[in-house]
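Quick one: the structure is below, and I'll ask about it shortly.
Chain IDs A, B, C, D, E, F, G, H, I, J, K and L follow the sequence of writing; residue 1 opens each chain.
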Amino acid sequence: MMSNHVYKSIELTGSSPKGMEDAIEHAIAKAAESVRNLRWFEVTDTRGHIEDGKIAHWQVTLKAGFTLDDE
Amino acid sequence: MMSNHVYKSIELTGSSPKGMEDAIEHAIAKAAESVRNLRWFEVTDTRGHIEDGKIAHWQVTLKAGFTLDDE
Amino acid sequence: MMSNHVYKSIELTGSSPKGMEDAIEHAIAKAAESVRNLRWFEVTDTRGHIEDGKIAHWQVTLKAGFTLDDE
Amino acid sequence: MMSNHVYKSIELTGSSPKGMEDAIEHAIAKAAESVRNLRWFEVTDTRGHIEDGKIAHWQVTLKAGFTLDDE
Amino acid sequence: MMSNHVYKSIELTGSSPKGMEDAIEHAIAKAAESVRNLRWFEVTDTRGHIEDGKIAHWQVTLKAGFTLDDE
Amino acid sequence: MMSNHVYKSIELTGSSPKGMEDAIEHAIAKAAESVRNLRWFEVTDTRGHIEDGKIAHWQVTLKAGFTLDDE
Amino acid sequence: MMSNHVYKSIELTGSSPKGMEDAIEHAIAKAAESVRNLRWFEVTDTRGHIEDGKIAHWQVTLKAGFTLDDE
Amino acid sequence: MMSNHVYKSIELTGSSPKGMEDAIEHAIAKAAESVRNLRWFEVTDTRGHIEDGKIAHWQVTLKAGFTLDDE
Amino acid sequence: MMSNHVYKSIELTGSSPKGMEDAIEHAIAKAAESVRNLRWFEVTDTRGHIEDGKIAHWQVTLKAGFTLDDE
Amino acid sequence: MMSNHVYKSIELTGSSPKGMEDAIEHAIAKAAESVRNLRWFEVTDTRGHIEDGKIAHWQVTLKAGFTLDDE
Amino acid sequence: MMSNHVYKSIELTGSSPKGMEDAIEHAIAKAAESVRNLRWFEVTDTRGHIEDGKIAHWQVTLKAGFTLDDE
Amino acid sequence: MMSNHVYKSIELTGSSPKGMEDAIEHAIAKAAESVRNLRWFEVTDTRGHIEDGKIAHWQVTLKAGFTLDDE
C-alpha cells in the first residue's frame, strides 16, 4: 500500500464449480463492476458444496480493499 | 448459498430491550430497507447495557450477506 | 463432568424457524436418538437465513459431549 | 461508555433451566448484590447440561464491566 | 442448508502430491464411501511435506457436514 | 451506544508518517467526508513500512461504526 | 502423516487425578478400544476440578486422528 | 516476573481525550489507588468514540497483573 | 457445574522450578487462602524462564472459578 | 515428524502471478537455497494484489519447518 | 509488497520508557544492524512493566519482514 | 524482561517419549547449542504420535526468546 491513501475493505464471497482461484477471481470481477480502485484481497474462508460425493462448487470468502482517496 | 452468485456481507449491530433475537431482527429489518436480497446472517458478538442491576437493552452484532448479482 | 469418564464430543447444526434455543434443542433431540449419554453442549456458531427481509430460520452449531465409558 | 471513567470487568457464569437470557440475567442480578455501577456485559461462552436427551440447564459466561471511579 | 435438517460435521485430512484441491477431493471421496448425504465442507488447515526442497505432498484438513435426518 | 439505533460498521486503513494515532485520525477524517454519524472505532491491525531501517509510514486498520437510523 | 492416507479426527476428553499426561493417556487408551489405527493427537484444552483448595482431577481435551483407509 | 510469586490479573478500561498511552496510564493510575504491587500490563483492545468526524476520546482495555504474595 | 450457582472466574499465574503441574497447584493453593469455594480451573498460557540453556522456572496462567452464592 | 529431532520453523511469504500453489512453491524453493532439511510447511495467510479488476499476483504466507539436529 | 520477492519475517520485542512507537522503532533499528532489506512490520502484542503505579517501560512485539532475494 | 533489551523469538518443536516437559527441555537444550542468551519460552502447541493405542512420543512447539543486544 502507498503511504498517502485511505483504504476501505469489503467482504465478498465468490463461487465456482472449477476451484478456489476461479471463485476468488469471480468475486473480484463482480466487485470491480461497481467499485473502482480495488488494490488487494485476503482470503478468510474456503468452503464448498458436495453433491453425490463430489464438490459441486467452491465458495471462497475474501476481504478486498480499495482506495477512498479519489472517489 | 446458490452456486452462481457473488455475495457481499456487511456488519450490523441491532439493539432491543426485549432480548437477543429481537435485536437481531431489528438490525435485519433496518438493513432490508436499503439493501435488497439479504440472504443470511451470522452472529459475531452479543453485548448489552446494564442499569440498576438489570439489562436495559441487548446489542447484537452480526454479519449479513446479500447477492450482488442482480443489483 | 465426573472424574472417572472419557468423553467424546461431536459437532451438530440444528435449525428452527422459532429461534436459537429451539434450534439447539432440535439438534440435541435428533442426536439423542442415536447417541446415548449426552451430557453437555457448547454453542460455537449462530447463523440464519433471511427471506423477504425477515429471518426464515435460525441455524445453531454446537459441540455435544457424551461418555464413552459404558458403551 | 462515558469518557471520564475507568472500568473494571469481571467474568461471571450464570445458569438457568429456562434459557440463555435468563442465565445472563441471573448472573448480573447476583453480581449486582455486591458490585455497584455495573454498566455493560459481553457474552463469551454459551454452554449447557443435557439429561435424558433434553437441556437440563443453560450456562452462559459473560464479562461485566463497572466504573471504578466513585468506589 | 435447508431449514428442516440436523447436520453433523466430521473432521478429515486428505493428501495428494498434485495440490490442494486434489487433497480435498480425495478426503471427500473417501468419506463418501461410508457417510451418505455429505452436503458441505470447510477448509481449516493447509499443510504439506517437503522433500529435497520441493513439495512431496499436500495435506488439507476440512470439516464436512452431512444430514442426520434420514439415517 | 444508545438503545434505539442500528449501527453499520465499515473497515478502513489509514496511514501516516507520524504515528499510529495520526493514521487513525486520517482514516476517520476521510470516512467522515462521505459517511455521516460516525460514532465509534476499534483498532484491528497495526502495521507499517520500513525504509533504510526506519519507519517510513504507519498503517492502522480499524472498524468504524455509524448509525443507520437517520440516513 | 504418510501421503497416501485419509485421516479422520475425533475430539476426546480424558480425566485423571494424577496429572495432565495421565488424563491424555486415559483418553487415548479408551478410544483405542473401539478405533483402530490412531496415529496422532493434539491437546486443545486443559482444565480441572478443585476440591478443598486442591486439584481433585485433571481434564484434558484432545483431537485424535486415525487412518480411514483400511477400515 | 520473579519465580517465587503468584500473580492475579484484572481487566481494566481507561479513557482519555489525548490518546492511547494516556488512556492506559489513566487506567493504571486509578487501579493503583486500591491494588498494591501492580507489575505488568497487556493491551487487549483499542477503541474510541467519534464526534463530528473527530476522535472525542480513546478507550483502551488492558490486563494488569499484581503479586498476591505479600497481601 | 451445578445448575443453581453463579460463578466468578479470576485469572492467576503460578510459577515453579519443578514443572507445569506444580506451578498450577501453587497458584490454586495461594488463591485458596483468600477465595473460598474454588471449583474449577482452565489453563490459558504456559511459559517459563531460561537460564544458562535450562528452564529456571515454569509459569502457568489459568482461570479459576468459584461460586458466588454463599459468600 | 520423527521422534528424535528438534525442528525450527520460519515464516515466509512467496508470490506468483500464476496462483496459490505456485507462490508456495516459490517460497519453499527460495528458502531451500540456504536452509537444509526443510520438512513441512503450513499456510497461514493467502493474499494478493489487484490491478484493473484482475489478480496481478498472489501472495501466500507459510511456516516452514526444518530439522536442527544435523546442522 | 512487490510481486517478484520472497519475504522472510522475524519476531522482535522492543522496549522503551517513552512509549509504544519508540519501543517499535527501537526494535527495528536494532534488527536493521544485522538484517538488510527490512520492508514492513506488524504489531502483535503491546505490554509493559509497572513500578510504583506508573509505567516503567513499554514492550511491543512485532513481526518484521525482509526480502530474501538479494541476500 | 529488562527494559533495555531487544528480543528476538524463534519457534521450535521438541519431542520426547517421556512427556511434555522433557520435549520442551530437549528443544531448549538443542537451541542453546547455537543461540546464546535464551531468556524465556512460551508453549504454543502440544501434540504427539500414537502407536498401538499408546503415546509413542510427545511433540511440543514453543517460542523461545533471546536478547539481540550486544551479548
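The criterion applied here is as follows: a contact is a pair of C-beta atoms (placed from the backbone, for glycine too) under 8 Å apart; a residue touches a chain by one contact, two chains touch by 3 or more.
Remember, it's a predicted structure, so these values are computed and weren't measured experimentally.
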Each chain counted as touching subunit D and subunit G at once: C, I
Topological distance between subunit D and subunit H, in contact steps: 1
Chain pair repeating D-H, as identified from H-K, A-E or C-E when over half of the contact pairs by residue number coincide: C-E
Geometric centre distance via CA averages, subunit H-subunit G, whole Å: 38
Touching two or more other chains - residue numbers and ranges from subunit J: 10, 20, 49
Topology of the chain contact graph, where touching chains are joined (line, ring, star, complete, other): other
All pairs of touching chains, each written as two labels joined by a dash: A-B, A-E, A-F, A-J, B-C, B-D, B-F, C-D, C-E, C-G, D-H, D-I, E-G, E-J, F-H, F-K, G-I, G-L, H-I, H-K, I-L, J-K, J-L, K-L
Subunit C partner contacts - residues on subunit D that touch it in the complex: 19-20, 45-50, 53-55
List of subunit C residues in touch with subunit D within their complex: 20-21, 24-25, 28-29, 32, 38-43, 64
For the subunit D and subunit H complex, residues of the former touching the latter: 1-10, 63, 65, 68-69, 71
Footprint of subunit E on subunit C - complex, ascending: 10-17, 26-27, 30-31, 34, 49, 56-57, 59, 61
